[in-house]
Amino acid sequence: MATNQQQVLISPAELAYLHASLSLSPEPIRPDGRSSTQFRPLVAETDILPGTNGSARICFADGSEAIVGVKVEVEKTKPKAGAMINPEEGKEEKGDTGVEGGGGFDDDKKNYSNDWVELAVDIPGHRDDDPGTAFLGNMILEALLEDGELVKRLRINSRFHWKMYLDVLLISQPLSYPLPLLSLTTHLALLSTRLPCLISEGDEDPMFDDDWAASTNLYPPRGEKSKLSTSRPPITLLVMSVGHSILFDPTYEELAVADAVLAVSVSEEPTKPVPQDTIATPKQAKDRALRLLSIRSIDPPSRITPPGVPNGLNPATNGEVAGLQPKHAEARTAEVPATEGVWKAPRGGVSRSVLSAMVFKALEKGGVADEVLDGLQGVEMASEILE
Amino acid sequence: MAEEGLFVLPGDLIDPSFIPSHPKKPLRLGPGLRHIPPNSILPTVSGQVYTDNRKNSIWVEYNGGRYVPSTNDQVIGQIQRSAGEHYYVNIAPYASNAVLPHLAFEGVTKKTRPQLNPGALVYARVALAHKHMDVELECVSPSTGKADGLGPLVDGMVFNVSLGLARRLSMSKKENSKVIVLDLLGDAGLVFEVVVGRNGRVWIGGGSVADTVLVGRALTQTDEEDHGPEAQKNVVRRLLSERK
Amino acid sequence: MEKGTVELQVWHQKFLRYLACEGSPPAPGRISSRDPLHDKSSSHSPSSGASQSWFAIGIALIFSSFLKSPDKLNSETQIPLPAVNMPREAEISTNEKQFLKTALTENVRIDGRLFEQYRPLSLGFGEEFGVAEVELGKTRILAKVSAEVTVPYADRPFDGIFQIVTELSPMVSPAFEVNRPTETEVLLSRLLEKTVRRSGALDTESLCLMAGKKCWAVRVDVHVLSHDGNLVDAACVAVVAALRHFRKPDTSVEGEMVTVYTAAEREPTPLSWLHSPYCVTWSFYGEEGEMALLDASWKEEQVQVASFTVSLNRHGEVCQIAKLGGVAVDAVLLLKCTAGATVEVKRISEMVDQKLEEDAKRRDKGGLMAELRAENERES
Amino acid sequence: MLAPAKPINCPLASCLAWSACPTKKFTNCSDSELSLFRLPPSAPVTTPSTDTINRFDLYLRATSVLDSVFSHSPARNVAMPLDTSTYSMALLRVDGRRWNELRRLHAQIRTQSASDGSSYLEMGHTKVLCVVTGPTEKLASQRMASSSSSSLLDVNISIAGFSSVDRKRPSRTDKRVSEMAFTVQQSLNKAVHAAIFPNSTISISLTVLSQDGSLLASLFNAATLALVDAGIPMSDYVTACTSGSTSSYAAADDAADPLLDLNRQEEQELPFLTVATLGGSDRVCALVCESRVQVSRLEGMLAVGVDGCKQVRTLLDRVIRERGAKMIEEGAIARGDVVGAGDEMDTEED
């Protein structure tokens, strides 16, 4: 966990307690009393910067704060031959053609390129070429580009496209691993992104309506008629496991005892475009099907925590089990069998069943991802109503 | 008595007749010379060769370069920090620090040792100079336990001069007839104290600010323009007239 | 030698012995965090097989450099850098600081100058065109101008390229490292940039040869040879003088062809120069910065509470003002200093003009006249 | 001295409907949490159209004509209060302000709970966020690097790629930005009572969200507010603003107007300087000018700038006091705690 390279400042005794209470089954006891799947409250707002095409700000309960700004520029599309084609993207196109039903888009389907989206992450106190920062940026970008839905929306005509710049700023110091914060903020910023209204037609040089009020949403709100599928930008959640407990939205203290941490990127399965005549009810949002875009395992800081010393080996407690002490002068660093109530940094891997349980729990209907997507959509809808 | 001799460049051959030959005492090589076995002695720097027949020694007098500490040199150092039992003292810019033990002052105990803050100046003697070890300083004579004028320097101003001038200034009057600027100034009635560090730092204090600056300017001008005795007189005359 | 290295070295020796069929393969030792002092014996002792151990040290050093990357080691095994190895900027002692301050309250500067007095400024030119060396007291700066034909930047096709490159090399002080700009260097290059480039002293449009395709790239390299305070003023004089001294090869454009003539074919031409800005730096002393000194030396710079650089040309146009922090100074004093700077700039400006003229005369000795005479002779 | 220092919303800005930004809270977020940013709904800053540029030129021409008429009127004097009743509309600036008017200055402190001090500041459309962490112990690496400068403050500026009209890739090695960071650091270093925190460091990280002129000044003001929020003892506020002159450098017309608080468009056209003063006094912490201007212009510009700093100080002081009052109301701090601090500030003002 490169951006959280600072030492964990929690004593082995506390770590041992945390580990024990978090691995309780069936329901772990978290320090802040949340249930294992509960998200902490967060404050979110969109459209905060009039100078951008879309922007969002999210404050997590621990005080960490991020701002994302989206800017788009018109760029000439490189001719087909030079374009980078993602093989999966090609496959998906085939699946989608039937859905889109000859909207005049089929001619240069394969002309999309992942280069159309550029993402920069800025973490205070870290250089932008720091491996941790680069890794964060790539994880967010990877999820965004995975389903190819975003780049499809950036196409203007066969000769031009929008070049999108996403600037992801972490405003606070990185308290815990900022990936979910940055990902949710990016999600919101993309939802609030508006593109100027195209008034030219076909493949001619693009002309846009100067009136900002006429601009269109990059991701049209539900219920609005649109040629594009109703996909939404993805979100990335942090899931951790301790023993057999699976916890969402882990805090800094909880991460310090994690056995495994996964970054799970999830997006909605795009539904069929709304037929022209029916008006979708908001209920439709509830019927979303989630799909998994990517999983990354993240090295938790628990692995570099200092181990606890059992009372029996601790000179400070006069070594209750006196017999052990003289033999193990180097016992602090040596491999000793795990003792109940004594903290020992996790070693080795995590069982496959736990891993799959983590992913399933994230994707569950009505689960955390669903809840978060609902919440974020609420932010977006609220902003539209107020406008 | 030192004898001034020919000018040499690194690698020049020194005429064997010039090398002092004392029947009993071993030949002592001073700075700037290197003995290449079996029997050649080569200068490693450019400068003037000096010999002393009485001590059976030979060395090269050169000006410039950076200060290389050698045992028994008296230097002016600047405290960098204090750690453990030692002060770390800077004696030459950009060189590694020398070490001055907290207890190497006259008549001090752990409780009475001088508290020197970073940036303070000390006048100290090089006790140990070895190329593989940190240079060690002391402000007390290990045999007599007396300070002999060494110790922290209070107030005053430091002027940087060339190593050659610093060396000549620290010679006795008999040996050094060429640098008379300080004597001239003293004769003119200026009140000042001078401490010469072999590392090219001269501390001047004790008098008024204007006088201190005047002495410092006279010294640095003498040094930079390499004045002979006559020119030094002129410099002093000019500066004194400015003073009035 | 680092602790990890010691362990590895021992391991490598064992490994080499194993390769030479002696004994069993050793287990790579864990890097211990023992006190390096205790390992001194093993690191310094020339253990058996001198040639082998040298080899082993070589490998061990490579390995240890990998191992030192912070990701691999936790802080327990991280070794603090020895302080002595880092060349440090020389610092001024408290005695000197105190003395300088008291001296200023008695209206005395350590080199006997008046408060508003510059150190002697001298300017010399090299044999080549475009080389200027400035000495301001003990501060010495060399500026060299060079020009080459390149492609202009895409966003400004009608402009040539003009660059001022400052480098404080370790030659000035070992505290300066190559390729790692220090604060001093950044500020110096920004000030020169603002004074000379942004103020439009050089007409960059005149450097364009063929719009969007070919242009002159003029580059000034500023070398600081010795640093005794007030780098900015000296560097600025050097840059301006070098640029005005510079002659670029004459060119002609025919269609798409640009011909660059050698000095023998055609007389090189001077750059199109619009105005000559010079920097004047004031330093402030005292609790509220009420004392202002012109042209501070290095020692004086060390005790200043604020500095104020104003760039002007002799027509009384301000090109740049920089008081980048420090103690707050009364606005009226700043205005007075600016007024003082205008006088100083006129003096510097005259000096540079005169030196340039002298140099031109020196070079012109028989130049044009000799040429004319030669032609006359041929005609007759 | 100048007329009451009151923030006057420029007519152009007040035309826009300023509405609270939509905020949606999750789960059990308290209702008292209000939106941080009170911004107009998306009205992107666009490049000045040719139309506005022409208008700008026209304004300049109008000024120079009118200058000859008004040059003897007392209103032209910098130090005199402006008689607004007879102020000609022709003298208004592009965004409808008078020559000595600040743009709308909106600021907030304690915007982020995780940091020791934080602030958000808008000067017109220039928006800056500042987060202060510290004082903390100096890291070993910092101690090595900055032993000579021994600076208490560590200033970091990051300019967001989306902050200007055209997206610009943020660069680490931009000397302009490091110069600005140096300026802010050196100025605040002298205002902060650094002796109280030996061997410590206070990190100030500034994020520029939107740029519309007066960038350095906004950075100064935001950093000052955040330092106050963090409870770092300072001798007074360090406030800054820009001032310009309507004359181009070549024109030697004596009647040129000084201007206060330039926006981006004006900065591109006119010579200007940034002034930072300590506590609204006449003492200048930082003075930065990057454009060519007649030396005779300087006095007027500096006078207007210093006066602007005084106005800014009043505004910042109000922000802090309001926040303090609110905190007492909410019971976040006991009244007794602040009375002393408040008194101290009062005496400072006197």
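Think of it as A, B, C and D in the order they're written, each chain with its own count starting at 1.
The definition used in the following text is that contacts are C-beta pairs under 8 Å (C-beta built on N, C-alpha and C of every residue); 3 or more make two chains touch, one makes a residue touch a chain.
All values derive from a computational prediction rather than experimental measurement.
Peer 1: Of the chains shown, whose Cα mean is nearest the mean of all protein Cα atoms?
Peer 2: If we average C-alpha coordinates per chain, C lands closest to the whole-structure average.
Peer 1: Looking at CA centres, what chain is most distant from subunit D?
Peer 2: Here the answer is chain B, farthest from subunit D.
Peer 1: Taking each chain's centre as the mean position of its Cα atoms, how many Å separate subunit A from subunit C?
Peer 2: 46
Peer 1: How big is the gap, in whole Å, between where the Cα atoms of subunit B centre and where those of subunit C centre?
Peer 2: From the centre of subunit B to the centre of subunit C is 33 Å.
Peer 1: With chain centres taken as the means of their Cα atoms, state the distance from subunit A to subunit B in Å.
Peer 2: Measuring from centre to centre gives 68 Å for this pair.
Peer 1: Please set out, as single numbers or ranges, the residues of subunit A touching at least two other chains.
Peer 2: none
Peer 1: At least two other chains touched by the same residue of subunit C: list those residues.
Peer 2: In subunit C, the residues touching two or more other chains are 83, 88, 91.
Peer 1: Which bits of subunit B are touching subunit C when the two form their complex?
Peer 2: Going through subunit B, the ones touching subunit C are 78, 88, 90, 93-94, 96-97, 117, 119-121, 134, 153-158, 203, 209-210, 212-214, 216-217, 239, 242.
Peer 1: Flag every residue of subunit D that touches subunit A in the complex, lowest number first.
Peer 2: Where subunit D meets subunit A, its residues are 19, 21-29, 33, 35-37, 39-45, 112-115, 125, 127, 129, 131, 133, 156, 158, 160-167, 169-170, 172, 203, 205, 207, 209-210.
Peer 1: Which stretch or stretches of subunit D touch subunit C in the complex?
Peer 2: 140, 144, 147-149, 175-176, 178-179, 182-191, 249, 273, 277-278, 281-299, 302-303, 306
Peer 1: For the complex, which residues does subunit A have touching subunit D?
Peer 2: Of all residues in subunit A, those touching subunit D are 39, 41-53, 55, 57, 59, 62-65, 67, 69-71, 73, 120, 122, 124-125, 127-129, 165, 167, 169, 171-173, 175, 194, 212, 375, 378-379, 382-383, 385-387.
Peer 1: So in the complex, which bits of subunit C are touching subunit B?
Peer 2: 83-85, 87-88, 90-100, 102-103, 106, 108-112, 173-175
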